[in-house]
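Before I ask anything, here is the structure I am working with.
All chains are identified by letter, namely A, B, C, D and E, in their written order; residue positions are counted from 1 within each chain.
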Amino acid sequence: MTAGNDAVIEARDVSLTFQTADGPVHALKDVNLTINRGDFVSFIGPSGCGKTTLLRSIAALEYPTGGTLTVNGMTPDEARQKRAYGYVFQAAGLYPWRTIAGNIRLPLEIMGYSRAEQKDRVERVLELVELSGFGKKYPWQLSGGMQQRASIARALAFDADILLMDEPFGALDEIVRDRLNEEVLKLWARTEKTIGFVTHSIPEAVYLSTKIVVMSPRPGRITDIIDSPLPKERPLEIRDSRDFIEIAHRVRDGLRAGHGDGV
Amino acid sequence: MLRGLLPVLLVWLLLWLAVESLAALAPASPLLRRVLAVAIPLIFGATILWLWEALVAILGVSPVILPPPSAIAARFATSLPVLWGDFVQTVVKGALSGYVMGCGAAVLAAVAVDRSTFLQRGLLPVGNFVAALPIVGIAPILVMWFGFDWQSKAAVVVVMVFFPMLVNTVEGLKASDAMQRDLMATYGAGYWQSLWKLRLPAAMPFIFNGLKICTTLALIGAIVAEFFGSPTQGMGFRISTEVGRLGLDMVWSEIAVAALAGSAFYAVVAVVEKGVTFWHPSQRGR
Amino acid sequence: EDVTLQLKWVTQAQFAGYYVALEKGFYDEEGLNVTIKPGGPDVAPVQVLMGGGADVMVDWMPSALAAREQGAPVVNIAQPFKSSGMMLTCLKETGVTGPEDFKGKTLGVWFFGNEYPFLSWMGTLGIPTTGGAEGVEVLKQGFNVDPLLQKQAACISTMTYNEYWQVIDAGIAEDDLVTFKYEDQGVATLEDGLYALEANLADPAFEEKMVKFVRASMKGWKYAEENPDEAAEIVLDNDETGAQTESHQKRMMGEVAKLTAGSNGALDVADYERTVATLLAGGSDPVISQAPEGAYTLAITDKALE
Amino acid sequence: MRSVLPVLTVIAAILLIWYVAAVGMNAQWARDQAARAGVEIGWSEIAVDAMRQERPVLPAPHQVALEFWRLTWTEEVEGRRGIVQSGSLSNRSLVYHALVTLSATGLGFLIGAGFGILLAIGIVHNRAMDRGVMPWAIASQTIPIVAIAPMIIVVLNSVGVSGVLPKAVIAAYLSFFPVVVGMVKGLRSPDAMQTDLLRTYNAGAMQGLGKLRFPASMPYLFASLKVGVAASLVGTIVAELPLGGAGLGTRLLAGSYYGQTIQIWATLIAAALLAAAMVGAVGMVQRVTLRRMGMAR
Amino acid sequence: MTAGNDAVIEARDVSLTFQTADGPVHALKDVNLTINRGDFVSFIGPSGCGKTTLLRSIAALEYPTGGTLTVNGMTPDEARQKRAYGYVFQAAGLYPWRTIAGNIRLPLEIMGYSRAEQKDRVERVLELVELSGFGKKYPWQLSGGMQQRASIARALAFDADILLMDEPFGALDEIVRDRLNEEVLKLWARTEKTIGFVTHSIPEAVYLSTKIVVMSPRPGRITDIIDSPLPKERPLEIRDSRDFIEIAHRVRDGLRAGHGDGV
């Protein structure tokens, strides 16, 4: 159960430019990054710096306009066809015509899980995100945070090697957030998943990650990659440790720099 | 005869495959892409025309049943002034004016229906009822009321396009989502403001849906109405007269004009739609 | 033996002879199994014939000859209608008293192959049909007599046995109308005749079938002439639309009987020549450009009437 | 049930306008007749006459209602050929003709809607179809169907297809198009995030269709189906013209041919009732489906 | 420019029950609350506790099924018609057919501001949320955080007496968040706005508010109302003060209790 050291995701000089009516937008520029099997990588950076775009490129939802990006030695597209990804979008994106349980069942149906297995897993992840009893509700009958949790549950319901989460805990309060952080860590420790995780919370990034990627905008690029020295076992108290505070500091500095102010 | 058919089918299959592979191409150059976009339907159409010509020849179909495209083309070329006159009479005077009036009236009616729950409950069921009157029934009546010239054709078109437009617009006015409406509510926006700034823009995809369907309906309506009385000009008049005279090449020439005019009409609406509803997922692609 | 007959118009007493022959078993007697297909405003009988949908059709001679010139080789095999029932009916109040008053007026005309007699007539009169003060404005008349009642036209086309009476029924007195029968104007053309395809007639078996058909049909016609009320009832029973009224059909039968009266079924070649001459005389735009060859055969009626 | 009062109000308003219009439109004939008879008449006589003409330009509502009643209930219950006395529906009654038309319309609608949906699916999934077929589907609709309906029927008849099928084919021809246009739009309406989600699952085209595109297209589908069913009725009636058999189309034509305005209007009412019933049925299916899918508002 | 003491929003025994297919949901129960003119009120509580529902009820977007709710002595509906509210939704909710500038201009058009004034204000608020230069882009061309900022800008563009914000800063990183916090405080100090503010961040709630409302779910109710003793002038450093930490503690305890665990 130790993290392997083979590269799962490799980005070499990846660039991505959107063409818009009033000129090109350089969402990513010369991004170089290696993510190994079993890594827990957080992406942090000011709004609009390309975190979502990078995550989407990894999942083959966006195609880089320059450089090469490989996943398990394949193109992202091929990896997608092997169903390598679980993805949590920045907005919940639940299908309004399906109940919460139905939404969570969706990937299971598509991947051909048996009926019994489907039921089982839906139950389990609903419990995980503290939504037991809400399975029969429709998305619009849920609060914003509940919708977000449902979408997390949807991504956790099946076994993807690579879990990509775009600000999954943005709409949650500290307490649920802490609890879900722990759950994600447990899941990560138990399986060999590689996790890519976008967050705006510095403590969260430091607490969860083995690697923290700090980005900065216009053009979107990586300004710092921090390999965390924290042990894999992480009680909540670790957040008061020296190492923790040091890393948090470094991240905050990177973030400030990205915001373009010397503060 | 069967032996004659086989190679025809084969060639058709080949052409279809060619279209298929052409469509699969996604050339980088935008110019080439545009050329392809035009070429594909043309090739497809040419295939059909060629198939038609071949089948008519092989099966020995009489020209009074189905003339070959070549004969139609020949007749088309020699009858341009007549075709133009008919086009103006039917499409420009009859169909277009009726289309504008009918679609306009339907949108207004939809807004009225939407505005008042009373009307919604009262007018919509009755409206469905009235607007679904079959053209064959109303055309003679409207000819009786509005005379033989284009006015009665326009009236028929109005009645024909009204219902599809109404249904689509009513559906569209419901299409804004709850949060978008709530936003307007927080501004204390009046009915007309939220109609103008939210409901109508959000309804546009549906409205254009209706407008597109109505382009073809308008044409059908204007032509069919001429069967029930007309001056001695117009596409419907020509068609019904020439069928009786077995001038099938002329009939198909008129049909070709109708198809061209209809496609152009539809294309214009589609282009406007693209401009207006650029924000809708169906237009933004993927 | 199966025979399918395509009518030129909807089921009405105009075609009583065929329905009578069917109902009275005259076709059965000949060993024929006859199907009668009603026509309608958009049915071109020639097309049905060419498409193999019927063996024999009822059509007017002008349109049959025009079709023949278009490359549809139809041949007249019998002519149950001796005289023409077509006329132009005008409202007196519009001031029309004779053909010379037509200029500048609006006239209702049937198209769909029925316009030829009118065009020929105007051709003979030398009146252009393109409108203006010196010509006549032509309206494509719909199915009924409304244009006259609504005063959208000064005159409309009517048949002695049908539309004329609709005008009367609508409440206009005969005194308020002026009528011009094509017969009286010397431009009459032959109406309802029976036509079959030249190619089929080359087959002796088919020819034999037609002989039987014409013989039975004529028997039907003569029966209908003698028993108009019964014939009208038979027509009514065969009208699937259920829209015909008894009084109208009985009257129509009476009028139709006047037109079939002079015919035993055989085409009178003099009538044929007159029709062709009228059609050729259409001025600048004649209906047919040259006298047709082989457009009729007397062989069928000769045998049928033996 | 809340709609009873509004509907009644609207109907009352329509009847009022109708009566006024009837007097206005029939006045000319009343005056002309009086002039021909050489008498002077005032408005009160005109109003009375306008409501009982035999061939009015616009028949008064009660004339139409009476005729409708006569051609349905009276004909069936009291008529010699009615169902009570003969055991089968009378060919003079609108009930019989409406049923004939309904069967062809229904069949045509099913064929047309089914074909339309399939075509839309093809167009959305296959570039060649999108580029190649759509323009021709459009062109097909601009062909004046009435012009070729008789030809189609002649051809179908000559290959032995007859009865309800030729009519249904033409009904289908008219009804498939609204369905195609609406469904293409509807199937393309899911937003980027919704389709992206399925991409991350690497769902196949069929799964994308069943789990995303089809459910998302429901509002468009039903709007199109309502238009399609009305179009199907138009198609059937148009197809009935050259067939000359039974059916509301032939019936309208016959009425029109003999200038029996009142009968035409009664038939029109029957046709409109039929259309309204079918549109209503689609609406019902819509409500049930949307409720099942939790999309009812 | 001192906060008056007259009640702007008064809730008396407000309850709100949603009827759903599988039974009623008690989103609010017996809520009693008085908000005075010039108050800055934060609502905090676990996901699904009714914060959004309460805010929506105040703005007359939802109607309580029990109790009375008055705004400026009127019903919320009347207040809405007087254009008393600026509202920032939990999701951005931008109109896709309008550019960012167009979206911000929307309320100004509705409220009849002059052309010049519109242009002016749009410029100003775009700058405020750091989106200058993005006015001509369409919503789908913006990152999640940028969309959220645009929606904040939209609510700040016009002068509403009562500003209701539902987790406006959820998708923003610490740095922008801090900056926007300061901006909102400045705005609040400058004008006499009454602000209702939903957040999941305890420090944010304590830093901003004059009154903190702690809620708890199932049924949604208020468990604690804390009047902040912090001065109106609040430098960022205040977050290290004793008072601050004490209040934060009290809030956290309330939150824990709401989560139903004794921890």
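The rule is short, and it goes like this: a contact is a pair of C-beta atoms (placed from the backbone, for glycine too) under 8 Å apart; a residue touches a chain by one contact, two chains touch by 3 or more.
Since the model is a prediction, treat every value here as computed from it, not as a measurement.
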Discussion item. For chain C and chain E, which third chains touch each of them?
Written reply: B
Discussion item. Based on mean C-alpha positions, which chain is nearest the centroid of every protein C-alpha shown?
Written reply: B
Practice prompt. Write down the pair of chains with the top C-beta contact pair count.
Written response: B-D
Discussion item. Using mean CA coordinates as chain centres, what's the gap between chain A and chain C in Å?
Written reply: 84
Practice prompt. Provide the C-alpha centroid distance between chain D and chain E, rounded to the nearest whole angstrom.
Written response: 53
Discussion item. Need the CA-centroid distance for the pair chain A / chain D, whole Å please.
Written reply: 54
Worksheet item: Between chain A and chain B, what's the gap in Å when you average each chain's C-alpha atoms?
Response: 48
Worksheet entry | Residues of chain C whose C-beta touches two or more other chains | 41-42, 44, 47, 51, 142-144, 146, 150
Worksheet, complete the sentence: Each of the following residues of chain D touches two or more other chains, namely 57, 146-147, 150-151, 154-155, 192, 241, 253, 256
Worksheet item: Could you say which residues in chain E touch two or more other chains, in rising order?
Response: 91, 140
Item to complete: Throw together a list of every chain pair that touches.
Response: A-D, A-E, B-C, B-D, B-E, C-D
Discussion item. Under the definition above, what is the set of chain B residues touching chain E in their complex?
Written reply: 179-180, 182-189, 193, 197-198, 201-202, 204, 277-280, 284
Response to the item:
Note: in the complex, chain A contacts chain D through residues 56, 59-61, 80-83, 85-87, 89, 91, 93, 95-99, 106-107, 109-111, 138
Discussion item. Per the contact definition, I'd like the list of chain B residues that touch chain D in the complex.
Written reply: 19-20, 22-24, 36-37, 40-41, 43-45, 48, 65-66, 118-123, 125-126, 128-138, 140-141, 144-145, 163-164, 167-168, 171, 174-175, 205-206, 209, 212-213, 216-217, 219-220, 223-224, 227-228, 235-236, 239-240, 243, 251, 254-255, 258-259, 261-263, 266, 280-282, 284, 286
Worksheet item: Across the complex, what residues on chain B touch chain C?
Response: 62-65, 140, 143-144, 147-148, 226-232, 237, 240-241, 243-247
Worksheet item: Which bits of chain C are touching chain D when the two form their complex?
Response: 10-11, 37-44, 47-48, 51-53, 93, 142-146, 149-151, 166, 169-173, 176, 239-245, 248
